[in-house]
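Quick notes on the structure that follows.
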Amino acid sequence: MVLSTVGALGATLLPAVAAQPRPAAHKGKAEALSGLVSLDDFERAARERMATMAYEFVASGAGDEITIRWNREDYNKLKLRPRVLVDVEVLDTSLELFGQKSDFPILLAPTALQRLTHPEGEVETARGAGVANATFVVSSLSTRRMADIARATTTPLWFQLYGLNKERHGFVRDVVQEVKASGCRALCVTVDAPVLGARNRQARAGFRIPDVFETPYYPERVGAKTAAGLPILGGFTWKDVAWLRSVTNLPILLKGILNPEDAELAIRAGVDGIIVSNHGGRCLDTLPATISALPAVAEKVAGRVPVLVDGGIRRGTDVLKALALGAKAVLIGRPYIYGLAAGGATGVSRVVEILRDEFKMAMALTGRRTLAEIDRSVIG
Amino acid sequence: MVLSTVGALGATLLPAVAAQPRPAAHKGKAEALSGLVSLDDFERAARERMATMAYEFVASGAGDEITIRWNREDYNKLKLRPRVLVDVEVLDTSLELFGQKSDFPILLAPTALQRLTHPEGEVETARGAGVANATFVVSSLSTRRMADIARATTTPLWFQLYGLNKERHGFVRDVVQEVKASGCRALCVTVDAPVLGARNRQARAGFRIPDVFETPYYPERVGAKTAAGLPILGGFTWKDVAWLRSVTNLPILLKGILNPEDAELAIRAGVDGIIVSNHGGRCLDTLPATISALPAVAEKVAGRVPVLVDGGIRRGTDVLKALALGAKAVLIGRPYIYGLAAGGATGVSRVVEILRDEFKMAMALTGRRTLAEIDRSVIG
Amino acid sequence: MVLSTVGALGATLLPAVAAQPRPAAHKGKAEALSGLVSLDDFERAARERMATMAYEFVASGAGDEITIRWNREDYNKLKLRPRVLVDVEVLDTSLELFGQKSDFPILLAPTALQRLTHPEGEVETARGAGVANATFVVSSLSTRRMADIARATTTPLWFQLYGLNKERHGFVRDVVQEVKASGCRALCVTVDAPVLGARNRQARAGFRIPDVFETPYYPERVGAKTAAGLPILGGFTWKDVAWLRSVTNLPILLKGILNPEDAELAIRAGVDGIIVSNHGGRCLDTLPATISALPAVAEKVAGRVPVLVDGGIRRGTDVLKALALGAKAVLIGRPYIYGLAAGGATGVSRVVEILRDEFKMAMALTGRRTLAEIDRSVIG
Amino acid sequence: MVLSTVGALGATLLPAVAAQPRPAAHKGKAEALSGLVSLDDFERAARERMATMAYEFVASGAGDEITIRWNREDYNKLKLRPRVLVDVEVLDTSLELFGQKSDFPILLAPTALQRLTHPEGEVETARGAGVANATFVVSSLSTRRMADIARATTTPLWFQLYGLNKERHGFVRDVVQEVKASGCRALCVTVDAPVLGARNRQARAGFRIPDVFETPYYPERVGAKTAAGLPILGGFTWKDVAWLRSVTNLPILLKGILNPEDAELAIRAGVDGIIVSNHGGRCLDTLPATISALPAVAEKVAGRVPVLVDGGIRRGTDVLKALALGAKAVLIGRPYIYGLAAGGATGVSRVVEILRDEFKMAMALTGRRTLAEIDRSVIG
């Protein structure tokens, strides 16, 4: 599949992906990362190491990237209301989702084409996820097979699904069977990206999927279009959700819900969870920040299924705020890709560990000792 | 007509308009434009190709250009509320205005003196409008005759009218007859510009209409002033609207309404449509953004006549928002002029096509399949 | 009087005031000013021509200059609500204040030490005020005598009063008699500056009044301090107002009222007018913008006496907004000083004329033909 | 104690602290400071003179330093509502706290490790505090003994307490006895810092406490961690407060209260005062600005104990606003450290005097003559 028209610029840049030297970072050693103390530090380090086209693919969003900005700003506007003089010697950050236990409420979101960032792609990410003990959601646009990814890690794996355009049910059923056989323990169905949006920065960088990459769960290489002439990314409809529900007993989460009315429909369709997401600001600009859309969705869901959220999380205080406003857990995307670029598996695990430790600090400094104590009263 | 006093600087710059080389762009070939993927890209490309005075004339606004900024900002502040899992394979963007069918709700607004931007002026714009199948509203300050413009295109043409100072009724009647004979299908009467505003950037650039330009529908070349000593641009009064209504059966739209009370008067005066406009921020600074003025006007009009809106539209999401807040269609001005500068007719059509495609993406990604489905619920 | 401690830097800078070349500008010819089309243009031009210490004295404010910023921003936030299709051929901007007729509602505010800006000081300003036909309020910190100022102009003169520390009643009575004899037609009593504020930029520039300057209406040269140790600028109390009321029949305005309760007291004290002012942001930082303080004061006064306003007016739309929110007229300070620096008397008159013409444009483009038609409905 | 992991960079920087030349500033002469007229001037001067690691330690905050920004911004958003024509010749800024009389409501907040800033550390600060007659709150992380500090000054001393991790009651009791014997007249118990926060700038600068420093009231040098794995700074619990109350009759203030519910608990625990503080933005980012948290705390406390506030105070108007919103007095931290860096004891006293004089100006220019007259009506 070609994600955008490739001009001369794109053709020139492509070899750079393969030729790109990644010296220190890919030794996977902790020393090279010792000066990186926040998630934003990893972005700066990654930017220096990534090929321009790869960085542009990862960092960019739709349109004028207003939603990307809001995803951060809206977290930064929320004020915390601490309790003091609480004994915070012991903190419990563990949770259970669909019968799976996690040490902390941070997952790795599905992100596409990780071989752009690291020669080992999703396999290397899985190694880092294993070290950090974080659930890793593999993307439909994975450049590695689930079996290889699963072999590299002990961490739980989930899988993200796009509904492709043609013969989708048969293909999707095969994919679901394969990933389940490889240990996948939940499915995230992306619902916010039937078509590609205005990915201007990608187009300017001449982005296209390098020919040498396999995308076994996203086989179409032609720039298919809808009847309306729009480039397909991968849409489902409510009917397809019902069908998917009927062919698998894996937990199904819908990823990309912002509207409480869609959350209600999702529950009626029998899904097991909801991910409040705006696709990292990559599909439609001026969608609201996810942290601002979360409260109304969580209120509508009212605990019937777990609600997760992604988008813009860079600080432990963001995790705290997301949980305070109704999320059971959060997913991070770009940050761990920057970890992958800066230090391979070690970079991935460091990113998760920094965020986890900041989250614990935020709990301690607001006087909350368990996830259950993180409620609306945390927000001032 | 002299739009402002010309100092030494202006005289120096004028020859540059004729001498200005416009190499690649004016071959009218698509390749030169292939890197331009958003409307803002066209502005950047145009700025490099345009004579300073021409660019300043097009880009500038009144006073401190606060209204120009608001025209953009107020769109950017509006958040979208999407619906997901809708089947958006097929989208219908067609509409009908005054019995005229359009494929999509985007028109080319009247803009003055297009020979400043391209040697062929309005004729070249009409060619591009024809390719894109967009209605083109020709300005009273056109540098080409309607007959020539009409010959260059199959697209519907409308005409914009200023009420000139002297002998206006006779002259206006002649103009209306001529443009109607050339195929004009609607009249836009500009109501927000009886006098010129504080066009500081134009004055600093020494702007005046080059002597070699004909302006057949705006013959006065002298800087006429009102009794109050203000430079006339071209005012009407409610009486003149009534008179115009009596002498033509063409649809009449009033362009420049921001106040709902004026919208009510317009309907009582028997006009066929209203264009919410602040003249692109060119006349009076700190007028509100049009997208913020639109809802109250649309509510007052309550569907009795179609309401259109211009000003600040640069993204498909802006079109979606304008329709959601009550507009039947939108007009773009500066963006297609930048297309004209960057690539002649091809540039004009590309600008329209990019905006149209972004609009379709915005429909698909908010789950709206027809214009009728674009209502207030789109805004979050 | 020393307005602030003078360090080594100040001593170095002082000769620059005298030595400063003011070539083109002080020929008083219009050509040198032809490129200056807005009040901000005059500030830029003046800054280049003024000695640093003089510019710092004029431009600077108290503290972090937040009030200076608000004085502008709060105008820029107000949106206009126009009426269209009104016949604006004829506009009437005339008014009457205390029996004095003016062509337009713009006065020249009292500003100190004009010889810093022009060798002729207040006399040159008076010439420009005469050309523009604007009332000029001479400051207590004038460097010229009222008789000399009056001889240079036909424009009405007012006088601003500080209450000095010692023997104030006798001295003030003498000053009032002298200025009245020279044609002064109203007194503005400054009430917001009993002491100097934190004039950091002045202090950093080593500002002090040059020894060669006479300040006949502000004779103290020693840095007198209050019992609380604060540098005196010149305070009155309500008792002093009562006394002044008893010794002159000139109209008395209190300048520096922001609190409606003080406006009420002022009326009870028998004053003839109120000037809403924050001393141009020069005395106390984070006082509110005058345009934001105006409505509550005007509402409390309820037409019993005229309310004027100064601070931050740079555009004709600002004048319109001030009148819409309850002011009978406005005063400008720094802008005409920049005119004085850039072009002597001609610069002063050009500044007034630009603002007056912009005000007329703003009336025409909002459809208001007289000052009486400028009411709250102008603000959107 | 190591406050953060020291990498190679830190080791390199450490010698710079000792070697750092502090020529003019540490002569303690007033001339070197004559150009510094505001507290921000002292920061600029200090930054030039301080070792990078020391400056980073002092200036930095937690996370993205949003709280540090809010601490300033929220003061700057508050508008003053002045009264005019009041006789402000005499002002009374005196107050009494816990039976101790002060000339003005400004104290020196506890700040750590002052030998980083000046060779004499807290002893030099105490000299400056004595000159300015300001109460000085010595930190648990003092690098000098209370006896030495007390000998250097006549100013009242308070002491700040951290609850350390092991054997805390015995050690704390000893500390309390020692500081009381040295003249300490009140205890401030820090309640908002059980663990260190995300001090990224400190970590990037490789900060650690130089080995040559003694910290007699904070003996642990090992980076102790909580059971949850977080670096301990020094937590108390409500039980510890009750114990402390039982072993000393010194006034106890809790420092770090932002939540009115904690203020209520504090009063029930028998404390004598509350300091609204967010630890200068150093512990948890996106805690609210203290001036914005103050009103609700003051309202809950309702005068039962005095409420103080620190954080972001840089101007006399800030002191006025804090008192208007319910504080009895304010504390400044970084500003006097910058004074210490720029000019030793003289710098400390100058910083206090500038702020005190600005506070008096603010009183005079709002027409308030005593602290009692500074109430909510000062805020517009």
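Read from first to last, the chains carry the letters A, B, C and D; within each, the first residue is number 1.
We take it that a contact is a pair of C-beta atoms (placed from the backbone, for glycine too) under 8 Å apart; a residue touches a chain by one contact, two chains touch by 3 or more.
Given the structure is predicted, the values throughout are model-derived calculations rather than measurements.
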{"item": "Between chain A and its twin chain B, rotation from the CA superposition, multiple of 5 degrees", "value": "90"}
{"item": "Interface numbering overlap (same over half, different under half) for chain C and chain D", "value": "different"}
{"item": "Mean-CA-position distance for chain D and chain C (Å)", "value": "42"}
{"item": "Inter-centroid spacing, chain D versus chain B (mean Cα positions, whole Å)", "value": "59"}
{"item": "Chain C, residues touching no fewer than two other chains", "value": "none"}
{"item": "Graph class of chain-chain contacts, one of line, ring, star, complete, other", "value": "ring"}
{"item": "Contacting chain pairs - touch in the sense defined above", "value": "A-B, A-D, B-C, C-D"}
{"item": "Residues of chain A that touch chain B when the two form their complex", "value": "5, 7, 9, 63-64, 66, 191-198, 200, 203-204, 226-230, 235-238, 240-241, 254, 256-259, 261-262, 265, 283-288, 293"}
{"item": "Complex contacts: residues of chain D adjacent to chain C", "value": "34-35, 37-38, 40-41, 76, 78-91, 315-317, 357-358, 360-362, 364-366, 380"}
